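In structure tokens below, several structures.
Two complexes are shown next, each including subunit A; its partner changes from subunit B in the first to subunit C in the second.
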Partner chain A sequence: MKIRLLSAVTAALLIVFSAGSLQAEQKEAYHIGGVFSITGSAAWLGEPERNTVKMIAEEINAKGGINGHKLVLHIEDTQGSNTRAVNAVRKLIKKDKVCAIIGPSRSGTSLATVPVVEKAEIPMLSCAAAASIVNPPEERRWVFKMGQNDSDAVRRIYEHMKKNGIKKIGILTGTTGFGDAGRSQLKELADKYGIEIVADETYGPGDTDMTAQLIRIRKTDAKAVVNWSIVPAQSIVPKNMKQLNMQILLYQSHGFANHKYAEAAGKAAEGSIFPSGRIMATETVPEDHPQKKVLEAYKKAYESTYNEKVTTFGGHAYDAIWIIAKALEKVGDDDPEKIRNAIENMEFVGISGIFNFSKDDHCGLDKDDFEMITIKDGKFVVLGQ
Partner chain B sequence: MPLKDYIGFCILIALVLLMPHLVANDYYLGVLVFTAFNCLACIGLCLLMGYAGQISLGHGAFIAIGAYSSGVLTTMLDWSPWTAMAAGALASMAIAFAVGIPTLRLKGHYLAMATLGFASIIHIIAVAATEITGGPAGLLDIPRLGLFGYSLDSDVSYYYFAWFAVVAGLYFAFNLVHSRVGRGLRAIHGSEDAASAVGINTNIYKIQVFALSAVYASVSGSLYAYYVNYIDPGPFDVMHSIVLVTMVAVGGLRHLWGALIGAVLLSLLPELLSMAAAPLKVIGIAYKPDYDILVYGGILLLIMMFLPEGLFAGLASASKSGTAFLMKLIKGGSIVRQ
Partner chain C sequence: MTDWLQFLFMGIQRGAIYAMVAMGFNMIYNATGIINFAQGEFVVLGGLMMVSLTMVMDFSIVFAFFLSVGFVTIVGILMERLTINPVRRPTVLRLIIITIAVSMLFKGSAMCFWGKGSHYMRHFTEAQPLEIMGATIMPQTLWIIGILILVVIGYVLFFNCTMTGKCMRACAINRDAARLAGINDRRMVMLSFALSAAIGAIAGIIITPLIQMDYARGALLGLKGFGAAVIGGLGNSMGAVAAGLLLGTIEAMAGGYISSHYMDAIALVIMLVVLFARPGGLFGSSEEVRLKEF
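And then the complex of A and B:
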């Protein structure tokens, strides 16, 4: 009896050890962190981002990984809160020993985590938009940004207004990091395009009615309204405008470029105009456009895997994980410094545009990576130039 | 201070010194630093709630005042972090007097209402006064705290510093509680009429302890700002004030140790739950952070139902009856032997 037990234990140990030695022969995995606001008020951002990085990591691993190294993802949820984001990033760096971080989803959480990654010297590819995430570049050595610049979105909107003879506008911005950054860009660039802001209103991310602000805009001679926010509250603005029977044009930010927001606004969003990455109107991108193939591949893969529509936010995560993967492939190991340098010198055709990183530009996108889009019969359609 | 509390201090200090050797990595140390901030705010809140019998639903606002004073004065006016922290504490004290003097003269829970409104106002100012507070985009590049020319750069050094602040704050609070003022406060909690009948100036006592608890909150906010190096209005909303009240209530209103235990427990709970998620997954339950709030609610409900005096009082009475039972057993045993 005792001997049988002993031999069983020896056999088990042998199996364990041999499995261990087998694993040792395989190349060490690369650990990548993801910090997204998967739950909470910005869940519509974080969820597609998490889904996307999972999907791409599986795709890469199924093809044998990067130079034979598998990717291991460590995903954390910030719930949109700064303290949680800081903790999550520290956890990824100190506990999971990741070589690069994707996220966070929001401007506020990204800014809160900048000092952490700068000190730990781990590259972080934020999926948010605010320009201050990567500026000033000398203090943001380790931070890159996948979201298009707010200033470029504002430029596209103002160009469209100029072409359509709109000179006086009312702006309505959300009191979040994203909304506030948009507000300051709208105010800063207005003069350059000969546009006058005659009303400047704000709303909170939890607000459920913007009638009061819209009435104040209606009292002025504004010829268009710009609605700038990233959270679901923004979908109430088109509805309120319809209820108030306001006929003037509604412009929205690239933060509106999500089918869920458009669905929430329903019929009221018809005809509103906003800048967006090309992923939201993949079908209407010309065949010879360099992004066309990437866009179609991502859209098809995402929609068939998760049975829901692609978003620009998921696109940011797609760009981030591929940029990291390309950097890992190029440098051949997971040294954060080498990865950072590889990203800084990279050119990458992605979902949000054609990235051209440099020492002074850790965003790498410009205003041509936006298209002006309108909603027609519930569909996103690219406006003609 | 009774001997029991000295023993408590020894245990606390021993735990604080031991923790960095027990926890596996800096990440958990960081969690413990945030725990220390909550402890500091809860000690102050406990003085107000447990000893003076007043509820403040606006302590998040005093944390915000501390954090923003530190953030604004250091980044925009280049003040030293220490003077900025002191200025924040003074500002909090002044505001506490301004809010407390009219409301604390009234009997009943007027302070709770006033502070709830006050917390909303401070949050709105933090969001809307973009030129000063940075608005929703927040304040960047807040400096680290330095001590004797040595920057508290590492997690370990900030951990020791933050918990030193907790121990010092707790020691001060204990001394206050066991002084004439503390006895006066207890009398107010028991019966305000009786207290004023024996010659306690109840108004002044209540206002002073409210201002003191505001200073505790403000210092904890400043320490938060220096640790994270970035602040925005997010963490200082009304919900945070309510979480603080919950921490004190869960641990036990009537005792400072209770507030400390409540703060530690509820600060660590999200971590414990996320740790529990892995074994739960093995048995087929997918635990999501969404459920945290349900667990909080459940814990609060259970404690209010079965331990209305809080965890600390509950544990104390349990240990007392346990010892009594043991004594009985020993006695009974010795009788049988005889």
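And then the complex of A and C:
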């Protein structure tokens, strides 16, 4: 028994060493993990993220890798479930020995995996949006976030209202997690901008008609409506407003920044205003904007490789993998601690904005990374200042 | 005040879909005594097929309508022939578990064929709202109401005036006696799946222009329809239509006059009250319930 065990161990060691010596000739590869909701109810988040990460890794490897080290991706599917996300992250750390993790895609799965990476001390770059993923900073040493804060989207909307003299608004939010978070942010920040919410309505993801809610808003003296959701049902709101002949301004959340929703809402959505990452309106971003080049390059590469439109979500994954690549290049090593420190001191011009990480800010984006966008002739257009 | 009329339109539109899904549930319940958990998937398949035929292949609405209904009907027949019919000792529980499995299969296949995104389809006719007594209504809503009426008329004619329809009713009342009278009960089960799939597909087709269909919507669509079927009294299709319309209207009125936050909660409370007060549903008899297995 003992001899058997001994020989097994020797054999294993031999294999490990011979593999090591083989790879040493072309430098050891860097292992990066990806945890996305590729199937399940949030598949529309995870799929473009997975596609983007694969595309960029191939691009980097085709150019000879990072300082001669190839990138090896280990991608796991969470199916949008917290348990699976935690297991996937554990597997990536223990079995695949990754030096950094991209994802998860959703706020819930990201929050569930935070304690795991904090304990294992591996940097994780979440592609979700909730502010609590990176707050409080002292308990989130190893976690960074690529998505803009919901609260910044609200700030941009309220600033625009203030400039246009709108003081009373009606809000109409979806009953999903995204809608709920938006609803509480809208309520919390209203006072600060001198805005009064005179009607507060909600709708479910399966609803087919929102005229009842809109009539309740119409009965008040609201001067604008804010529609905050991420599910397809939100496209019905502009249509119903037109049906009821409501002339007041319609603001929507960054969850509306999806070509399919705009197409479904059709003419009714013309002129509605929403904050979004600049990637959705790449063509109309001014030439001299620092992000212009990055945006154009990513849009062209993604759309020609996968034959589908770019999304802001894929953009989060783009930012994450490039930030890790830049950190690896600078450090020249795949030590997680050094990567973490490099990211914390990094400035990066990406798809979602200009990242400026610091010890207390692991998101690095601010409200100016949202652009106010409107719909003109079915296209997303930058509204300008 | 024309608000109530606007809420009524909204309610009827919501209710029409509940009613059609509930009719589908009842049809299979009558023939086999089970709840078909894949009912919502029939709705999704009908909607997605319609999207492909009209938006991608550019067929006319009428042609695509019949083609989609035909396709889903065949899917329904295949489901019965391949998964329900071969079961040796069909107990209620066993069959229900099979329908759950089939619903997952449909959902997965729909994801593979149509992808994970939501699909948009144009309205049947011009999307200009019409004005009726101060309230506005979308032409698509009129289509939904009109098609529901046609389906109900067709249903009544089929079950009262045709031999096959009468045979199906006989099977629903007493399967053993019907078999003794020379009715092929297994064929009637297959027929019930075909009809239930067809009604599901019609519901999916008429609702898709309003909601954008995606592969994962089946459960949500099935749930409210099931609620309508229970309120109306399981097995009673005309009761289901009335209950569906009632449920939709109550939801819309609650949303309009009380608060939209409690729209779904109110529907559930009504369902519970009905089940406590009249376990056979609003239109079912309580004696009948005691004789039923499930």
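The rule we apply is simple: the second predicted complex is superposed on the first by the 318 of 385 C-alpha atoms of A that agree within 3 Å, B and C clash if a C-alpha of one lies under 4 Å from a C-alpha of the other, contacts with A are read in each partner's own complex, and residues count from 1 in each chain.
As a working rule, a residue touches a chain if its C-beta (ideal position, glycine included) is under 8 Å from a C-beta of that chain, and two chains touch if they have at least 3 such contacts.
Treat the numbers as computed from the prediction; the structure is a model and nothing was measured.
Undergrad: Under the stated touch criterion, which partner chain does A:233 make contact with: subunit B (first), subunit C (second), both, or neither?
TA: Only subunit C is touched by A:233; subunit B is not.
Undergrad: For A:263, using the defined touch cut-off, is the partner it touches subunit B, subunit C, both, or neither? Pick first, second, both or neither.
TA: Touch partner of A:263: subunit C, not subunit B.
Undergrad: So, does A:204 touch the first partner subunit B, the second partner subunit C, both, or neither?
TA: In the superposition, A:204 contacts both subunit B and subunit C.
Undergrad: Please indicate which partner A:196 is in contact with in the superposed arrangement: first for subunit B, second for subunit C, both, or neither.
TA: The answer is neither, since A:196 touches no partner chain.
Undergrad: Could you look at A:335 and tell me whether it touches subunit B, subunit C, both or neither (first, second, both, neither)?
TA: neither
Undergrad: For A:111 in the superposed arrangement: first (subunit B), second (subunit C), both or neither?
TA: First partner only, subunit B.
Undergrad: Please indicate which partner A:82 is in contact with in the superposed arrangement: first for subunit B, second for subunit C, both, or neither.
TA: A:82 sits against subunit B, while subunit C stays out of touch.
Undergrad: From the superposed pair, tell me which subunit A residues show up as contacts to subunit B and also as contacts to subunit C.
TA: Touching subunit B and subunit C on subunit A: residues 39, 202, 204.
Undergrad: Which subunit A residues qualify as touching subunit B in the complex?
TA: Residue positions touching the partner: 38-39, 77, 79-84, 86-87, 90-91, 93-95, 107-108, 111-112, 114-115, 119, 130, 132, 139, 175-177, 179-181, 184, 202, 204.
Undergrad: Show which residues of subunit B lie in contact with subunit A when the two form their complex.
TA: On the subunit B side, the touching residues are 24-27, 30-31, 34, 127-128, 130, 135-138, 140-141, 153, 228-232, 234-235, 270, 288-290.
Undergrad: Write out the stretch or stretches of subunit C touching subunit A in their complex.
TA: These residues of subunit C touch subunit A: 3, 6-7, 9-10, 13-14, 17, 111, 116-118, 120, 127, 129, 136-138, 141, 207, 210-212, 214, 216-217, 220-221, 224, 252-253, 255-256, 259-261, 263-264.
Undergrad: Quick one: in the complex, what on subunit A touches subunit C?
TA: Per the stated touch rule, the residues are 39, 41, 43-44, 47, 201-209, 211-213, 215-216, 232-233, 235-236, 239, 242-245, 260, 263-264, 266.
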